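To keep things clear, I will list the structure first and then write my remarks on it.
Order of writing sets the chain letters: A, B, C, D and E. Residues in each chain are counted from 1.
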Amino acid sequence: MTELLQNLINGLAIGSVYAIFALGYTLVFSILGIINFAHGAVFTLGAYFTYTLVVGQFENNGLIKGVNLFPAGSPFHGSAWAFAAAALIGAVISGLVAVVIERLAFRPMRSRGADPLLALVSSLGVALVIVNLIQILVGAESYSFPTDIYGDLKPALIFSLGGKLIVVRTVQVIIFAVSMVLLLILGYVIGRTRVGKALRAVAENPGTASLLGISVTRFIIITFFLSGFLGGLAGTLVSTAFSVAGPYFGVAYGLKGLAVIVLGGLGSIPGAVVGGLVIGLAEAFVPAEYSAYKDAVAFALLFVILLLRPQGLLGRVQIQKV
Amino acid sequence: MALLEIENLSVNYGAIQAVRGVSLSVEEGEIVTLIGANGAGKTTTLRAVSRMLRAREGSVRFAGQDLGRLPPDEAVRLGVAQSPEGRQVLARQSVQDNLELGAYTRRNAAEIRADIEQQYVRFPRLKERRNQMAGTLSGGEQQMLAIARALMSRPRLLLLDEPSLGLAPIIVLEIFSIIRELNAQGVTMLLVEQNAKLAMQNSHRTYVMEAGQVTFSGPSEQMVSDERVLHAYLGGQTEGPEAGRSEQRRGSMDVA
Amino acid sequence: DKVATPVPIGIAVAQTSNTALLGQEQVIGARFAEKYINARGGINGTPIKLVFQDTGGDEAGAINAFQNLITKDKVVGIVGPTLSQQAFSADPIADRAKVPVLGPSNTAKGIPQIGPFIARVSAPVSVVAPNAVKTALRLDPKIKKVAVLYAQNDAFSTSETGTFQQTAKDQGLTVATVQKFLTTDSDFTTQVTAVLNADVDLVIVSGLANDGGNLVKQLRQLGYKGIIIGGNGLNTSNMFPVCQQYCDGIIIAQAYSPAQPSANNQLFVKEYSAQYKKAPPQFAAQAFTAVQVFVDALKVIDHKKKLGEWELSDLRVALNTQILAGKYNTPLGAISFDKEGELQQADFYVAQIKMKDAKTGSFVFLK
Amino acid sequence: MDFLQTYGFLIVTMLQQGLLGLSLYFPLMAGQLSLASPGFYAMGGYIAAILLTAPQFSGWREALGNWIFPVTWLLAGLASAVLGVIVGVPALRLRGIYLALATIAFVQILQVLSLNLSITGGAIGLFGIPQAFGFVDRWQYIWIFLPAVIVVLLFAHRLQGSRVGRAFRAIREDELAADAMGIPPTRYKVLAFVIGAVLAGIVGAMSAPFLNTWNARQGTFDASIAFLAYTLIGGSRSMWGPLLGGALLASLPELLRSLADWRLVINGLVLVVASLYLPQGIVGALGKLRRKAPPQRPTPQVKPALGETP
Amino acid sequence: MTGHIAPNAPATPMSAGQQVLQATGLTRRFGGLIAVNNVSFEVRRGEIFGLIGPNGAGKTTLFNLMTGLTPPSSGKLTFGGKDITGFAPHRVAGLGIGRTFQNIRLFKVLSALENVKIAQHARTGAGLMQGLTGRDRAEERLVDERAWALLDLVGLANRAGEEAGNFSYGDQRRLEIARALATQPQVLLLDEPAAGMNTSEKGELTGFIRRVRDEYDLTVMVIEHHVPLVMNLCDRVAVLNFGELIAVGDPASVQKDPKVIEAYLGG
């Protein structure tokens, strides 16, 4: 029983990390129908930006040694406010980076009518550039945020239930909450507002959308900014839970993220969250002695679910009228 | 000055020149019909006006403004709406959403609501289907939706590409009465139709296109009885389907 | 072909890809060696020149790097590659071309056995790891139950954990739980709760700096109080920024320790720290050692016949023979090789991490 | 000679990666975006590595001599075909990116298995693999890979012109319409998938001796994406595309070797620029330059000349 | 007509006037909507059978039910006496029911010629091995000849190499007919073949369909909104309204049927 509860908590915790990664990922997919592999890199960038702003010290292996927006002695140094400000600035910069990526790596392709799959290659190229630039600039090692980043919050809640310990990490509660809130906001904007309707029209058919007076270019820019913003913020949050784990940090989520959004149903915002939680839970419920097969279990589950529901959990069936 | 003025327009698909030096004009308040055989370049001309295609040469002026390199959404904002060939409904959105999106450039929610209701009065079938995904509508229902959606932007100039296509006879009559009604309200129209007779009976002037060029034009009532038009478009005679037409098509082939 | 001056020695490690985290320390160690050695007269007056070829993180990259070094750069010998899997792929190439290779960080079983031209300066895990367990038991003789965690996709960690588990059993401990993870993982809540619920008093972690650091951090944050032993992958100050103050107290068996008292090492540490503002990590020290071994062996050969007069191919063979025959005083202490090329290292070390603050810490020599 | 020594490995790698690109091309001919190739490639490699190193098979090796190598190819191909059918039949109900992901899931599952099984050597993998036909230098492997490329190209060429190739294309363009025109989609999709699987499996078996070692890092998600990039950058609508794409992209990091740390940055930029300026891939762009001749109408009742390609 | 097209090989020999197709109680629901409601009718060999009705009456859905693209919710369909309810589309096509689509579904990026070649799939048999070894040459030649002949028939032979998607709307319709004929059907279903054609072309189409029927010994079912064409062309006409069959009979009587006038033709 306690074990079940603990697994549930662990699963939700890991799952919400996947989910928060996947939100921005699925946003771009739902609008443009492209898998943006650079999302992982933007996610990483968000973490690095924030880290640079609040801590800003790097090791010997890169060209940059450090910047710090709130150096020791400045009024905000080490406060939770400094962190919040940095996280926000980091997210905004990430959003801008995403817009630049769209402008340079995707838009020209769209106007040439290229296969949307090609965007996958192009975004892979962008990811490669970003990751390696990070490595050249600041080296490959990992960095952690100071542990007091969330002020006085305890790192974890631990209580005992029937002699067994139950552990809940504070950061993960925060991530879970944030991803839920973002889900609600995004869900509302896309599902209920005029902007959301226009976005869906662009997603379905940009040509037709423009024929209705919708400025496709503007909406795509907004989408990328949002996606980058969410990605950057997610990167920061996740890295406070773990660490800014080197230049490949976010890219490593690429595959899981893809699994999450496909499982949840491509283009579905709630699907991204549900997909993340399902995969997280599936992994958590793998018995310890088979933990080596954790990844296999998650993917086998994915395989099976896709066979049963080819459109993903919350995806809509692609009806085609003949 | 004419509301729409097309001068010396040429449009290419890659190496294929589909429209070659077309000039035509539509006066404010006029209904103009464009007829021609399959592949003559009618659709291409309309798409150039709505900016879905870029002209290679020539100009398209709307209300005195050169549409030049404007994106299609700007053209809509200026007051050009199109009911396109192939209907182009947003298959995964509901009928209601399609209509609302048709009014995307407008802001007044109450007016929009009223206009949607008006479409539902015009096309009761759409009202029945208001929450159905547009992609699952029957062909004719989609055609109604495409027309209704184009009306939602309250255009000054309405481009209709074969509006009667796939519609039952009663509905076709209904469509033409809507056309007249809108025109009476001041909407200018450029109409491409295969039902040439009906179109000419309901329009002021007619242009005939062949192989990417305007071959002749004139007031509709004259054109209806014009020998050449009669022969080619109003079923003057029956031959094998391969005859006659292939000649015209060869014209557009030569350029390829 | 004659041997070029300055004498070219190849360094084929990972400068790009995921593996660059390890590779970049090796690059620094090697670069430092070049400067250090040339400043001291190189090979009896002839300077050396290191030729770097990036292996990336994969097998094909390693082969390409080796081929380039062997035929294009005409090096006398090669230090590399970073990963054992890459070594299994690229070392046979060098061996067939009769070019001596010193593995700076290949600890898997079977590396020196690839061929006569393959040797390594990185001690196999089976030799290093047991020391840590013994030390932990000395510190706390009451230890009964252990939890073992390892990165299952890392060749080094999987072989290390075998040794750890064996040692634990040999020492009469019960292995209460074995947990696996991936080097790419960052969330270890599942593993940590399993450990907490197994109620153990010793945790042994085999992984790399980042995942290992995160794991330790989460273990501590979630309330694990007992002793932690880190494997060789955690033997780097790269871990400090990850687990920060939670790194404190980790016990690590080392193939290299900055505290190793030999004059050689102390000089190395002094100059290295002066330049890089931190003590040399193990990967840097081992890369340094590999270069030094080449140079020391070349010095002996040069005494017999001037390097400039050698045919390159003959020199490579002679160099290999000399490497295996010699004894070296290196930052790792006194080392030599057996006839297969396996490292014979006199001393191993056990250190405990002491964190001064969140960012700076040191490995304190325990033995 | 030095040139071959230095670049021989690279040249053969280009062929090898080109073949792997082609292994994606066959399913793609029938519109199936399958990224399962790395899985079959890895499995083929393991089969060869095990047959060539495991003590249990020393009898085989002695009995067969150099014939053991073609036998490894054969077995790898057979095993891939069987597994291909088992995976393909259910998976091919999926479309587009969903299928891509299901096949990646398959690759991941195989990878986890190979990390955990003892017969595959766990994370370290299998090593000390004997060299095919006693080859010493890497470039000699061209004697295996070049003929393989030629055979596969011939195969693809023939296939394209045939009834089966037409069925593939029809399914790619519009599965439903193809179905309504009398083409059973499932059968042909599975066929296309299995052809790709067999090719990848055989290439794996050929590659194990070539790389000297085999481990779980050979069949990964990264490889899936790399193969896809080969196909798209090269051009997915011609058999030359994946081959060219594989050869070029595999050699790119090597051509940029002198840039050291910066080479992957440039590599990334090249991917971006290529995607932007070659939307139909390299072969697609070349094809644009060359005007396609209109199809020739057959003159009825005349026997086709000998040697004419149908 | 220049080319030569091999006569069809009917699965079961049938004589004129005999029923080819029989629908009994065919029904299809989409959620709460009944698109086709308990429809029963039969089509006789060699006749041209018209299907009319208001937009959304269920005509296209009925075609989909008959060709296996949409499985019926209930009801039964026989073809030449054989129960084919629930058969997959390719089996139906293989048995000899060919069709065109209301929303044109050509293989857009393939050439016109190839579109027509592809559709001969079920009438040819070369497998992978024959293709690879070149033992399919005779068959390929035949396929090629038939394809050209069909393009001739619809007047597109001079554009055989062009991509189908580049054709104008009306030409795409012609190509669809050629492609459907290439499956060598016994029954040909045409869904609004005249849409997008002008009045004189519609007139030509009447003659064309008749000729094709005679030449290839076909049975034809046609959905069309152009009433003169239907009345002119069809031997019998069925009328659907809200999914239900409200009238079947010869054109003249159907045209006079008050229900039909009310629902469809208008006053």
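Everything that follows uses one rule, which is that a residue touches a chain if its C-beta (ideal position, glycine included) is under 8 Å from a C-beta of that chain, and two chains touch if they have at least 3 such contacts.
None of these values were measured; they are calculated from a predicted model.
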| query | Comparing C-D against A-D, which pair counts more contacting C-beta pairs? | reply | A-D
| field | Chain centre separation (chain A, chain D; CA means) in Å | value | 32
| query | Using CA atom averages as chain centres, what separation in Å is found between chain C and chain D? | reply | 37
| request: Please compute the C-alpha centroid of chain B, do the same for chain E, then give the distance between them in whole Å. | output: 29
| remark: Cα centroid separation, chain D vs chain E, in Å, comes to 41
| remark: Expected list for chain E, residues touching two or more other chains, is 60, 69, 101-103, 105
| task | Send over the residues of chain A in touch with two or more other chains. | result | 132, 135, 292, 295, 320-322
| message | Multi-chain contacts only, two chains or more: what residues does chain B have there? | response | 136-138
| said: What's the complete list of touching chain pairs for this entry? | reply: A-B, A-C, A-D, A-E, B-E, C-D, D-E
| task | Could you please specify the touching residues of chain B with respect to chain A in the complex? | result | 50, 52, 71-74, 76-77, 82, 84, 88-93, 97, 100-102, 104-105, 133, 135-138, 149, 153
| field | chain A to chain B touching residues, read off their complex | value | 194, 197-198, 200-201, 204-205, 207-217, 316, 318-321
| Interfacial residue positions of chain D with respect to chain E in the complex | 155, 158-159, 161-167, 169-170, 173-174, 176-185, 191, 292-295, 297-298, 300, 304, 310
| request: Quick one: which bits of chain E touch chain B in the complex? Just the residue numbers, please. | output: 30, 53-57, 59-61, 102-103, 152-155, 158-159, 162, 166-171, 174, 192, 195-208, 225, 227, 264-266
| said: Could you list, by residue number, the parts of chain A that touch chain D in their complex? | reply: 35, 37, 104-105, 108-109, 112-115, 117-122, 124-133, 135-136, 254-255, 258-259, 262, 266, 292-293, 295-296, 299-300, 302-303, 306-307, 310-312, 320, 322
